[in-house]
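By letter and in written order, the chains are A, B, C and D; residue numbering begins at 1 in each of them.
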Amino acid sequence: MVSVCSPAEALAHVQPGDTVMVGGFGLVGAPLTLIAALLEADGARDLTIVSNNLGEPGRGLGKLLPARRVRKAIGSYFTSNREVVEAHLRGEIEVELLPQGTLAESIRAGGAGIGAFYVRTGAGTLLAEGKEERIIDGERYLLQFPLKGDVALIRAHKADKLGNLAYLKTARNFNPDMATAAKTVIAEVDEIVEVGELSPEEIATPHLFVDHLVRSEGVSA
Amino acid sequence: MSSSVSVAIAKRVAAHLTDGEIVNLGIGIPTLVADHLPDGVDVVLQTENGMLGVGPTPTDDAIDPNLVNAGKLPVSELPGASYFASSASFGMIRGAHVDTAILGALQLDGQGRIANWSIPGKPILGVGGAMDLLVGARRVIAATTHLAKDGSQKIVAETAFPLTADRPVDLIVTEHATFAVRDGGLVLIDVAEGSSVEWIEENTGAAFTVALESAAGAPQEAVR
Amino acid sequence: MVSVCSPAEALAHVQPGDTVMVGGFGLVGAPLTLIAALLEADGARDLTIVSNNLGEPGRGLGKLLPARRVRKAIGSYFTSNREVVEAHLRGEIEVELLPQGTLAESIRAGGAGIGAFYVRTGAGTLLAEGKEERIIDGERYLLQFPLKGDVALIRAHKADKLGNLAYLKTARNFNPDMATAAKTVIAEVDEIVEVGELSPEEIATPHLFVDHLVRSEGVSA
Amino acid sequence: MSSSVSVAIAKRVAAHLTDGEIVNLGIGIPTLVADHLPDGVDVVLQTENGMLGVGPTPTDDAIDPNLVNAGKLPVSELPGASYFASSASFGMIRGAHVDTAILGALQLDGQGRIANWSIPGKPILGVGGAMDLLVGARRVIAATTHLAKDGSQKIVAETAFPLTADRPVDLIVTEHATFAVRDGGLVLIDVAEGSSVEWIEENTGAAFTVALESAAGAPQEAVR
């Protein structure tokens, strides 16, 4: 069952070496309060971060880089933060680059008990290197394995006290997928409402996926 | 690249769109296409970060921090818009539910294949949704200046840049020329007013045949 | 763009030999008006039906069987209609049985451009016969290919005039998945409302998936 | 099978549930479990046709035709309930987000593997969600009468019926006995009041060891 807790209490779940999924497309829909708390968490060392981007220099997830918390980043678009490029060139972080759709689908697969899947995306390109290829109906497909997290830090608009989540506009993005794919799911929300206040048809993340709720402290990026 | 050239390219691309189709716009010149649709043509914009029914850029006081396009720029919501998770958005894209993707290009080869994600000698650290759109959209239009900023040719026999997909685009639109990709090669189907087949031949590094069409989906006047 | 039409106009899209996906879990969320019209459609011969069940005897999709419209059925639970069992024993229809989750995932994969995927479900059972097996992280997985339809007949609660769909309670089931996986998608709805009346966050099927809207005539099963 | 036996089994199963866990109930005896939870234990029911937060059977005048469980029986909606598509529902199940699945059984073998979907000699035309629940739920409890209607044993060394999965269940609960499945074998952990280890030995076709526990998650009194 879900617990409502402080950012620090929630982030105490992070252990050195963990894989941490972080929602958001750039800074939109990113759990900025949780990211700020991650920076203060003792266990947040040697992390593998799964996120579309690593924020921007000094903003959002970008704050983790100068603090040397990230061992590896898995995502689709790191060039929006030149510090990632520089840290990678210095050999300080490992990077696994996936097409954005393959990234999203890998996370969904991690949460949905899919062992692996085939996509056309990336076939015949540099990103196919080291991947198994299979011809299906005459087209080239690449085999992709799922991504799973130890912890997911996600952002939603409203939660009810059971932990059901509803999202707002394009701040949804990777958040519902990541909610399914990690052992411990921590959701930062604008508001926690009574059970029954969310429409059953607009709950995009049913509460069984969510472990901890944290009220957003409106941390700026 | 002057903004007027970008607008000219955007207008030439827009002339190829059909009323009601579902369109995904890449970053840069493609983003301009929405503002230059011919009269009577209205398209529905999908953005891969999880929205169908993207509206125009809001005024400063109407910016919603939770509402951006794939370029992370503020957009607005049209009536009938909907939102969905990234996995669903790319399911739409890979599943061929987007009619047309309009993408920028670094280079294009003689088979119409696009390179638009990576520069040789630099670390490969960004790809975004370009590869997904290329394999998934029913039709892909490359919207690009005919020459690079340094004056070098962008449409070449073989790209020096890594390809984004092995699937060719369907149409290449520059401020000078429009090429259709047919049977594995380029066909020049339109020459912009003020340009010429000769200029295009001199400034295109890939072979092409010429089969000019009187109008590319719209009267010539409408696309300037 | 979506067209609002009569059941007969919509069903004129069905051609002999087509694969027709039909939403519903039993009769709940089944497009009963469309099914009744399918029975009258000239093209509705030699069909492959993809649906969790084939209705009940003489009810819902069950009506197609005595009319000899079905060449093959792909689904998870046909035993709720003894006529399917009898027709199968007489060699009149071919049956492909999939675990319910594999059925749903195959339809989703068909709509999402997934070439194939691996699931643990069914490994080591009779339903694994003829399927490729792969060991992933020490567990047995079966390879499953996607399902696609020529036509999907689905049921929603409300549509707006663009074709966006919202569902009601457990009548949702296979409908949103099938909406993604067929060339022509026909949705039977209780009500067609103005554009803007559905909440953007509760549209479970965005309009780009939908081709035709038909008002439910309240056909009983 | 008398209803009182079914209820007795349902109560014995219910004693193994923990407050707040996510439970999926199969058709038949498992459905009864929801009505026989011990005091202070409340579970959240997931049904694979696409709902979390299933409430009790409604009165006749409150039946909603759009609201059924996986047995296609009318149910009600609890506050905080949510609905989702079949692919999402089985994603939940296969992805190990359901804590406990309670399934009926035709037979169980000495390794605790279940056969509950197909009868030899009859065409294989129905499987539903049983295989998905067996591979996906974190814990599976088989709830079954100890003997079949014809008096034959249901817990046997090797099943005559096709297996539903190669994964064993975690617990087997009958009106006489509760077996835990440990290290690939059966362990008798509880004997129902009025039954005996001797009766169970005589009526169980699979080998088992005996390691009785004083209470199975709840006082013995509470489970009768």
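A few points about this structure:
Going forward, a residue touches a chain if its C-beta (ideal position, glycine included) is under 8 Å from a C-beta of that chain, and two chains touch if they have at least 3 such contacts.
All values derive from a computational prediction rather than experimental measurement.
If you average the CA atoms of subunit C and of subunit D, the two centres end up 29 Å from each other. Our note on geometry: subunit B versus subunit D, Cα centroid distance of 56 Å, whole angstroms.
Inter-chain centre distance (subunit B to subunit C, centres taken as mean C-alpha positions): 35 Å. Shown for subunit C are the residues in touch with two or more other chains, namely 105, 108, 112-114, 119-120, 167-169, 200-201, 204. Residues of subunit D found to touch two or more other chains are 77, 83-84, 90-91, 93-94, 135-136.
In terms of which chains touch, the assembly is arranged in some other way, matching none of the line, ring, star or all-to-all patterns. Chains touching one another form the pairs A-B, A-C, A-D, B-C, C-D.
Considering their complex, residues 1, 108, 110-114, 160, 162, 164, 180-181, 195-196, 198, 200-201, 203, 206-209 of subunit C touch subunit B. Partner subunit D is touched in their complex by these residues of subunit C: 25-29, 52, 76-80, 84-85, 88-89, 95, 97-105, 107-108, 119-127, 140, 157, 167-177, 204. Contact residues of subunit A toward subunit C in the complex are 105, 109, 112-120, 134, 136-137, 139, 141, 145, 166-169, 199-202, 204.
Of all residues in subunit B, only 47-51, 64-69, 72, 77, 83-87, 89-91, 93-94, 118, 122-132, 135-136, 162-166 touch subunit A in the complex they form. Every residue of subunit D that touches subunit A in the complex is listed here, in rising order: 20, 22, 44, 46, 52-53, 77, 79-84, 90-98, 135-136.
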